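Here it is: the structure, laid out below.
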Amino acid sequence: MANLLQFLIPKDKKFFPLLEKSSNNLVAVSKVLYELLTTASLEKRRELTREIERLEHVGDNITHEIVHELSLTFITPFDREDIHALTSALDDIVDYIYGSSKRIETYKVEIISTEIIKLAELIEKAAIELNGAIIALKNMKNVNKIKEASVKIHSIENHADDIFDMAVARLFDEEKDAIKIIKMKEILSVLETATDKCEDAANVIESIIVKNA
Amino acid sequence: MANLLQFLIPKDKKFFPLLEKSSNNLVAVSKVLYELLTTASLEKRRELTREIERLEHVGDNITHEIVHELSLTFITPFDREDIHALTSALDDIVDYIYGSSKRIETYKVEIISTEIIKLAELIEKAAIELNGAIIALKNMKNVNKIKEASVKIHSIENHADDIFDMAVARLFDEEKDAIKIIKMKEILSVLETATDKCEDAANVIESIIVKNA
Amino acid sequence: MANLLQFLIPKDKKFFPLLEKSSNNLVAVSKVLYELLTTASLEKRRELTREIERLEHVGDNITHEIVHELSLTFITPFDREDIHALTSALDDIVDYIYGSSKRIETYKVEIISTEIIKLAELIEKAAIELNGAIIALKNMKNVNKIKEASVKIHSIENHADDIFDMAVARLFDEEKDAIKIIKMKEILSVLETATDKCEDAANVIESIIVKNA
C-alpha cells in the first residue's frame, strides 16, 4: 500500500493542501485564544474574540471545501472516511475554542483562572503537534515523527484531564456563588473537550498510518 | 447516476414513504410544541405535553422500521449511510423537541420567555423546510427547491444560535436565582440543539443531491 | 450468511475473545460501582474508586487492542463497522461508570440517594445482559437468547429514564442549594447516559443478528 500511496500522492493536489490549510488555521486560532486569555486589556480581548470568530468562519469554509471535494472525488489518497473524520475533528477543535471565547464574552468573565490559561496552552501545543503530523502525512516518509506527535497529543489530553479535574474540585471548594460555578465549570469543560477532539484527530491519523504503513 | 436513480425510484416503495412519514411526524411535533408554549392554560399545556410524548413514540417506531428495512434491503434509492444519517437526524430533532417539553414539565416552568417561543417558531419553520426537501427528494426533479430549503435551514440555525446567545446573556444579566438559571439555560440549550439537528439533516440531504445530481 | 458465518467462526480467535474480555470487564466495573455506592465506609469507597479507575484503564487497553486488530484484519466474523460500534459502546459504558465515581469523589458527595443506587443496579443488570448476549453471539446458535437480552436492555433503559426524571424532579422540589443541585444532577445524568450506551450496544448486537440470521 505504501508504494501505491506514494505513487498516488503526487496526483493529490486537493486533500493534503486542504487538510494542511485546516490545521494551519487551527494553530492560528489556538494562538489567538492564548493571547486573548493572557492580555490585561479588555479592549484587546474584545478584538481577539472577533478574530477567533473570523477564523472560525475561515475554518468552516475549508471544512465545506473538503466535504465537497470528497463527494466529487473517486480516488482519495487514503480512506474517504478517514479524511472525513480528520476534517470533522479539526473543525470540532476550532468550534470548541470559539465556544470558549464566546462564553467568556457572554458570561462577562473578567478574571481568567490559571487553569483556563493552562488548558489553552495545552490546546495550542496539541494543535502544533497535529499540524506537524498532517504535514508529515503528506509524504508518508516520516512515520516516526507522526507517531511521536500522536503520543504527545495523548499525553497532552491526559494532562488536560487532570487540570480539569483539579480545577473543578477547586471551584467547588473555593467558590460559593453557584452562578459563577455554572459559568466557570462550563468554560473549563469546553476547553477540556477541545483537547478530547485533538485526541480524536490523533486517533484518525494513527489509524491512517496503520493502514498505509 | 440521476438517470439510474430515476429508473430505480419507481421501485422504491419503502424508503421515501417512510422518510416522508418521519418528516410529517416531525412537522406535527413542532406544531404541538409551538402550541404548548403559547397556550395560557396549564391544563391544555399538560395535554399537549402528553401529545408530544405520543408523537415521539410514533417517530421512534418509524425510525425502527427504516433501520430494519435498511438491514434487509440490498439496493437502496441512495447510499444506505445517507438514509441512516437522515433518519437519525429526524429522530434526534423529535427527541430534542420532546426533551424540551419534558423539562418544562419536570422543572415546573410556568413563564415561557419570548426567546423560547422564538426558538420553537424557528424549529417549526426548519421542520417544514425539511419536509418539503424530503418530498422533493423523491423525484429528484426539483433540485433547486431542495437547495433553497437547505439554504433556509442553515439561515434558521444561525438565527437560532444568535437568539440562544442573547437569551443566555440576558439570563445571566437579569436572573439572580441560580436554580432558575440552570432550568432555563438547559431548556434554551435543548431547543437550540434541535435546530442544530435540523442542520445535520439538511447537510445529509445536500450530500445526497451532490452525489446524485 | 449464517452458514458462512459458522464456517468462519472457528477461525476467529481474535474478536470474540476480545469482545468477551471487554464485556467481562464491564460487568466487573458495574459491580464495583454498586459496591462503592452502598458501602458505609468512606475509606472503602476511596479504594473502590481507585479500583474503577484501574478497570477503566484495563478496558481502554482492550478497546485499543480491538481497534488495532480491526485495522490489520481483512476478514472479520461480522461487519467491521459493527465490531467497531460495539467496542466503542462497551468502552463508553465503562467511561460513564468511571465518570460517575470520579464526580462523587471530586464533588465530595457523602450521601448517596436511593435513585443513584437504583441507576447503578440497572447498569449492572444491563451489563450482565450484554455480557450474555456477546457470549451467545459467538456461536450464533442461541439467537433467541440474544433477542431476549436485547429486549431486557431496552426495558432497563426505559426504567432508568423514568428514575432519572423522577430524581431530577425531586431534586428541584426538595433541594434548595443550587450547588448541590448542579452536583447531583450531573451524577444522575452520567449514570443515565451509561444506560443509554448499554442500549446503543444492544442496538448494534440486534443489527448483527438481523444481518446474519
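First chain written, first letter: the chains are A, B and C, and each begins at residue 1.
By definition in this document, a contact is a pair of C-beta atoms (placed from the backbone, for glycine too) under 8 Å apart; a residue touches a chain by one contact, two chains touch by 3 or more.
Only a predicted model underlies this, so the values are computations on that prediction, with no experimental measurement involved.
A.B. asks: Count the residue numbers both subunit B and subunit C use at their shared interface, divide by all numbers used there, and answer same if that is over half, different if under half.
C.D. replies: Different-residue interface.
A.B. asks: On C-alpha atoms alone, could you tell me the rotation angle mapping subunit A onto subunit C? Nearest 5 degrees is fine.
C.D. replies: In degrees, rounded to 5: 120.
A.B. asks: How many Å are there between the centre of subunit B and the centre of subunit C, using C-alpha atoms for each centre?
C.D. replies: Those two chain centres are 29 Å apart.
A.B. asks: What positions in subunit A touch 2 or more of the other chains?
C.D. replies: 178-179, 182
A.B. asks: Tell me, which parts of subunit A touch subunit C in their complex?
C.D. replies: Residues of subunit A touching subunit C: 165, 168-169, 172, 176, 178-179, 181-182, 185, 207, 210-211.
A.B. asks: Where on subunit B does subunit C make contact in their complex?
C.D. replies: Residue positions touching the partner: 67-68, 71-72, 102, 106-108, 178-179, 182-183.
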